[in-house]
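Structures for review follow.
Two complexes are shown next, each including subunit A; its partner changes from subunit B in the first to subunit C in the second.
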Partner chain A sequence: MARRDIEVLFRTPWIIISRGLAFIIQLFVFATLISRLVSVSGFFQYYAVGSIISMVASISFIIGYDIFEEAEEGVLDYLLTLPVSRRQFIIGRALGGAIRALIYVTPMFAVVAIIEGFAQPASLAAAMAYLFLLAFGVTGLSITVAVSVRSANRFDVFLALMELAIVRASTALYPISFMPSYVASIAPFSPVSFASNGARSLLLGPGLDLSTLAGLLAFVVVFLGLGAAFYFRKLEGGVYA
Partner chain B sequence: MTALADNFRIASNIVQRDIKILFSDSFLVAIMFANFAIDLFVTAATFGRLVPPSSGIPSYFQFIAPGSNFVTCSVAAFQSGRDIWRERYIKDLTSYLLSLPASRRLWSVSRVAGGVARSLIATFPGTLTICYLYGILLDPRILGAFSIVGLFSLGVVGISMAVSAYASSIEVFVTVRSTVQLYFSFFSTLFFSPDVFPSFLRPIVLANPMTWAVEAFRQLSKPGVGLGPASVLVVPSLAFAALGTIVYLYHNQL
Partner chain C sequence: MDVLEVVKSNRTKKTFSVSRDCFYPTVSGVILCRTAAAKTVDSKTRSLTRRWAQAITFQGVGKRFGSLDAVKNFSLEVGDGEIMGLLGPNGAGKTTLMLMMGTVYRPTSGKITVQGYDVLEKPNSVRSIIGIAFQDPRFDGILNGYDVLDWHLKMTTSLGKEERKQRVEGILKALGLWEARGKRTWLMSGGMKKKIEDAKILAQRPKVAVFDEPTAFLDVPSRLLVWDMIRKLREEGSTVIVATNMMDEAERLSERVAIMNLGKLVTVGTLGQLKDTLKGGEVLEVTIGKDGPRLEDEVLTQFKEVHHVNQVDNKILVYLNFGRLMLPKIVEALTSQGYKVESIHLKEVALEDVFLTYTGQQFE
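The block that comes next holds the complex of A and B.
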């Protein structure tokens, strides 16, 4: 199931091209120019790590579009006839969504690591683990939305709004000290904040931050659980087969 | 005279139909405003604090605020093209629409007008918010603000109608939309003044309709109405609207 989801993403070159282009422009045009204007030193470095985190969240959301489309086009019925248990099916979807997001951002992460000189293998591996956890949790969130919203138009814009909200109201792209108080009070609880604070702590110092890891794990458990429960309910009416 | 009145009545029916499609799900309009609110009150407000007046821009928040509204405007304008794409490929309505008593040329022009009307409605609260921030809410210059938004959306509706004719799948349509929006946002003066860009990028920035839309809006904060940037915007807007009209017309000559 996971391999199929990975292949599905890489069979849609348009999505890969547009998101890749967005990353390149954000990093090499926007971040370069804005870092000359802002009052924070090292803002480019800050933004570069954050742009990877926001890209992981963005790609992880795509699994919801796939699941919604499959249900609309009747492919889901075919998938359910395959010889895999429902539990394997759901975990496979979530795992596939997370792994493909990680595969997708790895070259971008490599570019940022080279530019910024991140060379500690242990820190890089631990930062990748943070990215994986974020991707896993966002996949669960996306599946939850995909099986809860019925209208195609609503689903499309609602998911885009959710993506915008959890990325913008987080510490991915700017430090919390510069946010207006109404955003600063909620930003620390965004899963994207947990991931970006944790990854920055690993890559730029001081090291592993257990509080961000705990926050991210809680997000994964809650939304993966919810996503699985909602998806299962949609497939089997809540009755375990 | 009767023919003119008939044409006007039909055109107004087509525009009304497009507006009704927009409001068939008012949730979507609310979400568009929510997007604008996040852009303005989260992202722009934070960058406004990050960029100090010593950068040469007295208030960066006010500087980038009109951009949030124009981004929403381009989303709303592209929604028109998307609806036309859905009519053609998903709902298979083209033949039915062509059987209605309206000439194809009138249909085409009215669809563009409908798209502009929808964009103006979708950005209405946003335009009022930016006018409030610019201190022109109770000033005749507010009419200039709506004219600039309408002019910008005219061009984007044209682009979206042209794209909808050639996009073979919704993925292609969405990708072109994202690419155009990337160009609008990052290669314009939405975030930076032109002198901040490297010299090789400046021609691209100056050719961007978003540049002239935000510059025209920024002019409104000054006393008197400066028509310079707005008059530059007229050319690409009319050109893209003409392109959208012609492409729509061409693709409906079954």
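The block that comes next holds the complex of A and C.
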């Protein structure tokens, strides 16, 4: 099942290319411009790493749309008749969604690594692990929403707001000290903040930040568990009538 | 409608076509000839005597969605290697029943077993032996026809890459889709998509194959082709369930037909059995010589299978059951009374008549 989700990604290479181009433009136009406007030193580096993290989160949300569409179009019924246990099915979907997001951002991550000169293999590998954990958790969150909301319009709005909340209200793109107080109070608890702060700590120093790792792990456990439980209950209950 | 045609003859003249399959020589000299349709019926009647080992059992199965009972107290046994037609109008509960059998929905009540595996207790075992071709094609539109089939086989069989390639190529060629194998399925016509959906199960060759409206959207040659392929699938050892609301499909494919309506099983049997349950459902049209006396009804109503006789001039309409079996007796009764039988036509009951009788509904 995971391979299926990944293979579907490679059948739409223009999406990867267009997103990649958008990322390059964002980095070399927007980030460059903003870094000249603000007085924070090293903002370009900050933004470059954060934009990778926020992109992982955004792409990981896509699995929810896929699952919702499959249920609406009846493809889910077909998938459920295949000789795959429900547990394998759910784990496969979550894993597929996470790996797909990781594959998607790897070229962009490589661009940032080259530009910024991130050459420590251990740091790069640990940063990738952060990205994977974030992707896994967001996939779980996305699945939870996809199987909990029945109306298509409500689902679109809810998932878009959710994405906006955890990506925009995070420290991925802006330092917390510059945020309005109502955002600054919630931003530290966003999983995207955990991943951004953790990855920056690994790539830019000082090193592994256990508190961000713990926060991210908690997010993964809670939402992957919730997503799997909700999905399992829905599938076994035959609610997709 | 199946028509058993009786070509006339009398004691003196025996001029008739010999190109058809003739039988039932009688004392009157009347020769009865079967049309192709009648032969089909005859072969189905023979299956009455077959004894099936159970491949699929439904025992008091029910499925409730909120306040709607989609399937109610449904009980049926499908024999190993049988083609069972599941006939019913839209909304009868056929698809829900199939999805329960395919472990997608859990029955609210009752029990379903597939090759001995309970769908609730051994769902993975059931999934490993079943294949469902859905009414609406269900696959990723981004994939082309070849990849849809290859992926399906990868998931459902233990075939290696080369074997899968051969099987996919074979099925696509057989269905006339080989040239379009690289076309993304979302760009395909309704008929092409439907063929791909059927092809998944035809290529998989599962132990239990379920087809939901297998020839919807297909043109006539394609329908005949798919029916032929489904028959071959059965010959290779699959048990087949064909859900349909098309009379000709049920008649041509099925050995037995189960009629569903409003979530319930209305009746089940071979086509012959179902038709024979309609009292006086068949009509035997007999033309006798114009110079003879008017027929006394008792000559024919002496048979318990004859329900009513109506004579207009020299045409006699006999409403009866088991028409094909009664034909020689009726001809003999008439000729023994001195009537000269010039022609006989048997209009058999259509499946649609059976459905109308049992449900009071017309198919859409």
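Of note:
By our rule, the second predicted complex is superposed on the first by the 230 of 241 C-alpha atoms of A that agree within 3 Å, B and C clash if a C-alpha of one lies under 4 Å from a C-alpha of the other, contacts with A are read in each partner's own complex, and residues count from 1 in each chain.
Please note the rule applied: a contact is a pair of C-beta atoms (placed from the backbone, for glycine too) under 8 Å apart; a residue touches a chain by one contact, two chains touch by 3 or more.
Source: prediction; values computed, not measured.
In this superposed model built on subunit A, subunit B and subunit C occupy separate space and fit side by side. Counting the residues of subunit A that each partner touches, subunit B and subunit C differ, and the larger count belongs to B.
Contacts of A:168 after superposition on the shared chain: subunit B is touched, whereas subunit C is not.
With both structures placed on the common chain, the touch criterion links A:26 to subunit B but leaves subunit C unconnected.
Of the two partner chains, subunit C is the only one touched by A:82; subunit B is not.
Applying the stated contact rule after C-alpha superposition, one finds that A:39 touches subunit B and leaves subunit C untouched. Applying the stated contact rule after C-alpha superposition, one finds that A:179 touches subunit B and leaves subunit C untouched.
By the touch criterion defined above, A:74 reaches subunit C but does not reach subunit B.
By the touch criterion defined above, A:8 reaches subunit C but does not reach subunit B. Between the C-alpha centres of subunit B and subunit C, as seen from that of subunit A in the superposed arrangement, lies an angle of 90 degrees, given as a multiple of 10. Of the two partner chains, neither subunit B nor subunit C is touched by A:125.
Minimum C-alpha separation, subunit B to subunit C, in the superposed model: 10 Å. Where the contact sets of subunit A with subunit B and with subunit C meet, they give residues 12. By the touch criterion given at the top, residues 12, 14-15, 17-18, 21-22, 25-26, 29-30, 33-34, 36-40, 43, 151, 153-154, 157-158, 160-161, 164-165, 168-169, 173-174, 178-180, 182-183 of subunit A touch subunit B in their complex. Residues 63, 65, 70, 96, 99-100, 102-106, 123-124, 127-128, 130-132, 134, 136, 138-140, 142-143, 151, 155-156 of subunit C touch subunit A in their complex.
For subunit B in complex with subunit A, the residues that touch the partner chain are 25, 27-28, 31-32, 34-35, 38-39, 41-43, 45-47, 49-52, 54-55, 57, 60, 171-172, 174-175, 178-179, 182, 186-187, 191-192, 196-197, 201.
The part of subunit A that touches subunit C in the complex is made up of residues 4, 8, 11-12, 73-75, 77-78, 80-86, 236-238, 240-241.
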